[in-house]
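Look for chain A in each of the two complexes below; its partner is chain B in the first and chain C in the second.
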Partner chain A sequence: MTNKKSNLSRRLTRRGLLKQGSMAIAGGLAAPAILPKSAFAQTRTIKIGGAVPLSGPVAYWGQSTMQGFVDGAAVMNEAGGIMIDGEPYMLEVINYDTKGEVADSRAATMRLVEQDECKFVYSQAAASTVGMLQVTEPAEVLSIVACWGYLELFGTDYPLHFRGEMSDYEQGFAYMPFMIEKYGKDALKSAAFIGPDDQDGIDCHFSYERLMKHYGVEQKAVEYYNWEDTDFYPIVAKTIREKPDFIVTSPSPPGITASIIKAAREMGYQGPISSPAASETETILEVAGEHASGVILPVTNINPSSPTQKAIEKRFLERFGTFNALAGNYSWWIYALKAALEMAGTATDTKAVAEALAQVELEDTYVGRTKWAGKNAYGLNRQGVYDCFTTTIDDGKAELADVRFPDLPDTF
Partner chain B sequence: MTELLQMALTGFNLGLMYALIAIGLTLIFGVMRIIQYAHGEMFMLGAFTLYYWNAEFGLNYWAGVGVSAVVIFCFGAILQIVLFRPLHGKNILYSLAVSLGLVLIISSSGQILFGTTVKGIPSAVTGGVLLGGTYLSYERMVISAVSAALIIALWFFLRRTTTGLAIRAVAEDPDTSALQGVKTRRIHWIAFGLGSAMAAIAGCMMGTLLSIVPTMGFLATIKAFMIVIMGGLGSVFGALIGGLILGMIDSVVTTTISGDVALILSFVVIFLILVFRPSGLFGQDWE
Partner chain C sequence: MEQTDRSSRIAWAALLLASLIAPVVVGFDKYLIHVGIIISLNVALATSLWMIWSLGFISFAHAGFMGIGAYTSALLFTKLGLSMWYGLWLGAAMSGAIALVIALPLMRTRAVYFFMASWAVGEVIKRNFAYFRDFFGGWDGVFNIRAPKLDLGFVEVNFADRLAYYYLALFFVVLTVLVIHRINNSRTGMIYWSIHENELLAQHAGINVFRHKVIAFTIACALAGLTGALYAHYQTYISPKSFDIWKSEFALVHVIVGGLTTVGGPVAGAISLTVVDELLRATGYFRTVFFGAVLIAAVLLLPGGLETIPGRLRSFFKRSDK
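This part shows the complex of A and B:
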C-alpha cells in the first residue's frame, strides 16, 4: 500500500512531470536517427478521381466502374495502404457525376484536377472520355477509361491515356475463334453489322471491318440505328434481307441488343447474334424472352467461380448491395494502377507511372490474366487485354461457355 | 410484295402505339390548354407499374395493364389538382415550367427507384405465323388490337357518354360549359387522369414489345408532340392519323432507305403540314 501510494505521488509531482516530459521531447528528437523512417512518416494520400456517368442513360456503366475503384481502394487501405519508395500511401477515391455528357465530364475533370489535385482519374463511355481528355493530357494527368470509339483520341498523342476495357476489336480475337469452334467456319462466311448512328457506332464498325477481314468473313450489311428508334423491326428486316450468316450488334447496350434479337428471331432469322457490348444476360432474357437463343456475349462472366472472383462478388454485395458482370470486369484497373505506382516509385510523376503501367501484367484478377497491349495497332501499349469470358444464351438459358485470352495478331 | 406487307404491318402496329400516347397528350391540351411535357413520364411510370406487377411479383399481365392504367390515372388526377389547377387561367409558361420540372423529378426519381438497368416485361402472348413470307407476331397483333380497341373505346366515351360530352364541351368552350352547369374543375382532373392513363397503357404495350428504362419518357414525349402537331392540337382523330403516318414513315423509310432519312422525312412532313394547314390536319385554331 505504501509503495503504491509512493509510486502514485511520484507520478503526480510537478517535478516528475517535467522530468518525464523533458525525456519524452529529448527521445522524440533523437528518434529519427534511431528508429526506421517508416515508423514516423506521415501517411500520405493519393487521390484518384472519377468523372463518371452516375446518372442518365449510361449510369449503369458509370456506377459499375466507380464500384471497382471504391472497393479496390478500401481493400488496399485496410491492408495498410500502398508502399511507394518505402512510404505508405492511403488511397482516396473522389467521384463526380458527368451525366454521360461531354461538358459535364470536362467540368468534373477540371474540378478533380484543379481543386482536388488528382493525378490519376478514370472515366466511362465515349462522351465522358471525350470531356475528360480535354483536361487530362494538357494537365499531365493519367487517365484510365472504358471507351471503344474516338480512336483519334487514343495512341501516341495521348501517352497518359489508357483504355482498360477491351473494345469489340480485341474481344473479336476471342469470340471469333470461339464461334468458329462452336458453329464451324463454313457456317460463318458472311456477317452483318448493326450499331448506333454516332461516332461510337462508326468507330466500332471500323473495328468490326478489320476483324472480319482478318477472319476472311464477307461483310453483307451495315445498318445504323438512331438512339430515338423505338422499334427495331424495320432495321432488322433490312439486315436479314441480305442473308448474313451471323450478326454483330456493336456497341449496342443490352436493351437494344435484346430488341434486335427478338425482332430477328420473330422474322425467322436463325444465325448467331454476337453482342460485344451487351454484358447483361438478365436484360436480354427478360426482353427477348423465348427468342433469346444463339446469342454470344463476349466479356460476360455469369458464373464467378475462382476464389478471386468470388471474393470480389462477395465484397461488392456487402459494400454496394449489388454485383454485376461489368463491375467485376472493371475491378482490375485500380490493382494495375497500384502495381504501376509501386513499380514507378512515385505518386506524382505521371509519365513515369504511365510507363510503368504499360508494363504491368496481373495474373489473378476478376477477368483472369491482364496486360496492356496495342503498340502496333494504336502506337502504344495502352489497351487493356485480358481473358475473355464468353457467355452464350441458347433456348432462353445463359451459361459461361468459353474463357480464353484473345489470340492477338502480330499487327496488334 | 412480302416486304411491303411486312413494312405496312410494322408501321400500322407502331402507328397505333404512337397514337395511343399522343391521344392522351392531345386530350389534356384540348381540355386544359396546357402543354404536358411530363406525358412521357406517365408512359414510363405505366410501363414500370406493369413491370413490377407482372415481372417482379408474377401477377397476371392483363390485370397489371388495368392496375397500371388506374394507378397512373390517379397519379395524373392528383398532379392536376395539386399542381396544375392553381395555374389554370394563368400564363401558359407557368404550367410549362411545372411540367418540365415534373419531367426532371419523375425521370430522376425513376432512376433512383427503378435503377438504370434496362428491363423487360415478359410477353403475355408468344409465337407467330409466317404468311407468304410475312411474319405475323401474335404479340404485335394483340397489341395492335388492344391499342385499336382503346382508341375506339375512348372515341365512344367522348361521343356517347355524359362525361365525354362534358369533356368535349369544356374543350370547345370552357366558359359556356361552366354556365351550362358543367363542373369544369372535375372535367379537368378526369381529362388529365384519362390522358395519363392512355400514356400508361401505351407504356405497357411498348414496354412489352421493346424494353423499359426510366429515361424512356423523353422520346415518347417527342414522338407524341410530333404526332399531335401533325394531327392538330386537341384532335383525337388527328392524333390517330398522325400516329399512323409517323409509324408508316418509321417502318417503310427505315427499311427501304435508313433511320436517318425516316427522321428527316418525319419533320419534313410536319413542316409541310404546318405550312399548308397551320393548325394541323384536323386541329382547330387555338387562340
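This part shows the complex of A and C:
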C-alpha cells in the first residue's frame, strides 16, 4: 500500500504533470502537421483545402462552410471514393484558419498550395477570398468561395474562381418577386439600405442599387454602421425618417439584423425588413422578441423537408453536434466539385475541371436545384445560383414561406 | 557584466547566422520561407514599438504608422510608378513626419491618457485610409503592389522571388534592430530609460524630456513606416483593416511575452509567437484559445519574458555547479 502510494505520488508530481502536459501539447501541435501526410500516404487522394475563418468574428460562416466539405468528403469516402477515369480516389479535406484576415488567408492558402499540394481550395467571406486569390490563380488552383463583393476579382481574369453562394444581388431576383406577391407592388415603391461601413457594405449597397433599379424601387436612404456598434437607434432613426416602404440590411449577421429590427419596430416603423445575409432565425427571435415581425430572410431553409435535406441535417447533427441553414446552403459545393472531377476525368488539370464545373447542374441538394450562371454579366459561368428558400418571421414566428429559383435577367 | 555582453554578442551572432542559413535548413520550402518573412516583419514592428516602451509608453497607434509607410510606398508605386526603393524611404519619412506632428500634442499626455490618445490616433489613421476612397482606395484597399527588381550590373535580382524577399526583409529587420540597439545602448538610450523610470526626476536633472519623447516617438514610427512599406510590397495588397488596432495589440503581446527590458525581448517574442501562431493554424477553431493559453502560460511561467531565459539558465547551472 505504501509502495503503491509512493508510486502514485511519484507519478503525480507537479513537475511530472508539467513535463507530460508540455509533451502532450507539443505532440498535439505537431500532429496536424504530420497526420495529413502520413494518414493518406497509401491511397490515391485528392486534397481539398479550406482557408476559412475558423476563429474571429466571422468564424460562424467559416465553420459552416467547412462542415459542408468535411461531411461531403466523408460521405463520398464511405461510398468508396469518387471515380475518375475508372480509378477510385479518396478525398482529404485540410482546413486552416484565416481569422477572416487577408494576410492570414494568403498565408493559409500558400500552406495549402505549396506544402499540402492542394489543387482545389475553398474559402469564406471577402477578406479571406481576397487573400486566397492572390495565391490560387497564379498557381492554377481552383477555388470555390462565398464572397459577395470585390467584383473586380471575379470573371474572365479569374477563370478558376467560382462563387458558390448567391450574393444579395442574385437572391434579390427571388426575394423581391416574393415580397411583391406578399405585400403588393404599391407597398414597395421605396427602400432604404443599412450595411456595415466597410467594403462588404459598399459592395452590397452596389448590388442593392442595381436590384432596386431593376424593380423600379426608389432608394430613399443609405446608412452604414461600424462593426463595433451596439446602439443602432441613431442610424435606424435617420433611415426611417426618410419613410422608406421597406429596409434591406445587408450583409448583416443575425445579431445586428435583430438589433436593427428591434430599433425600427420600437420607433414605430411598420414596413418589411429584408436581410439577405442573416440566414438564421433563432438569434433574431431571441434579440428582437415580440418586435420580430415582417422579417424576410432569403436563402434560409429552416424546414428541411426532402429526403436529401433531412439526411444532411441528420448527418451534420451526428458529425458536428449542430446544424444550421447556412451550413446546409454550402453543402452542395463539394458535390458539384465531385461531378466536375468525374466529368473532366482528371484530378490534376484544374482548367479542365473548371470548364466541367461550370456545366454542372445538380437537381437534389439542400438548396434544391443548383447551377452556375453569370456569363453575360461576368464573361463566365462562375456564380452559383440555386433555389432560394425564403423564411419569414411574423408575430414572433418563423416559417418557410417561399421556394423559387431566382428569376435572373437576360443580362446576367 | 563583461561575460553577459560576450554571451549577448554570441547569441545575436548565432541568431543572425541561423537566419541566414534558415532557407537552406528548411530545404528552400517556399511556405516556410514565407513564415520567415512574416517573422522578420513582426520582429521589426515589435522592436520599434519597444523603443516607445523604453520611454515608458504603450502606443496603440503603431500599426497606423506602419500603415502610413505601407500606403505611401504602395501609392507611389501604383500611381506614380516609383519602385519600392523610393517607397521604403519615403514611406519611413512620411510616417516620421506625421508622427512628429502628432507627437507634439500626444507626448504631452501620460499614462492612461496617452494610451487612449494613441488608440484614437491609430483609429483615425485607419479611418482616413477608408474615408478618402478616391485616393487611398477606401475599404477596397490597394492591389498590385509589386516587389521591386535590383539590377546589380552582373545580375538582376527579382524580389518577387520569395527567397530574395526573405533576405531583403532580413536585411531591413537587422537594420531596424541595430538602429534601436545602438540608440538604446547610447547615452540617449539611458535618457529614455530615465524618463521611463521617473519623468519628473529626469526633467529636474536637466533633461529636455519633451524633446526626447518627441524624437524617440518619431524615430520609432519612421521605423514602423519602413516595415509597413516592406509589408505592402510583400503582401501585394493592403487595406485599412491591415493596420487596425489588433496589429498594434499583437506587436504589444510580442513585446510583453518576449520581455520589456532589452531589445532581445521583442525579437524573441515576435519570433516565438509567430511560430506558435503558425503551428496552431491547423487547430482551427481552437487556434485563438490555444494562443491565449500559450500567452497566459508564458506570462505565468516566465515572468519577465523570454529574455530572462539566459539568466535563468545561468543561475540554474551555477546552482548545479555548487
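Methods note: the second predicted complex is superposed on the first by the 369 of 412 C-alpha atoms of A that agree within 3 Å, B and C clash if a C-alpha of one lies under 4 Å from a C-alpha of the other, contacts with A are read in each partner's own complex, and residues count from 1 in each chain.
Following the convention adopted for this analysis, a residue touches a chain if its C-beta (ideal position, glycine included) is under 8 Å from a C-beta of that chain, and two chains touch if they have at least 3 such contacts.
On a predicted model such as this, the values are computed, not experimentally measured, just so you know.
Using the contact criterion defined above for the overlaid structures, shared-chain residue A:Ala103 touches chain C, although it does not reach chain B.
In the superposition on chain A, contact of A:Ala79 is made with neither chain B nor chain C.
Applying the stated contact rule after C-alpha superposition, one finds that A:Arg241 touches chain B and leaves chain C untouched. In the superposition on chain A, A:Ala59 makes contact with both chain B and chain C. Legend: residue contacts after superposition of the two complexes on their common chain; A:Gln134 is shown touching chain C, with no touch to chain B. When both complexes are overlaid on chain A, the residue A:Glu286 reaches chain B alone and has no touch with chain C.
Across the superposed pair, chain B and chain C both touch chain A at residues 55-56, 59, 63, 197. Those residues of chain A whose C-beta lies close enough to touch chain B in the complex are 55-60, 63, 197, 223-226, 228-235, 237-238, 241, 253-256, 258-259, 266-268, 280, 282-283, 285-290.
Contacts from chain C toward chain A in the complex involve residues 29-31, 34-35, 38, 130, 138-141, 235-237, 239, 241-242, 278-288. Chain A makes touch with chain C in their complex at residues 29-30, 32-33, 54-56, 59, 63, 66, 94-97, 99, 101-103, 106-108, 110-111, 114-115, 127, 130-131, 134, 150, 197-202. Of all residues in chain B, those touching chain A in their complex are 3, 6-7, 10, 13-14, 55, 108, 111, 115-123, 126, 128, 130, 135, 137, 206, 209-211, 213, 215, 219, 222-223, 250-252, 254-256, 258-260, 262-263.
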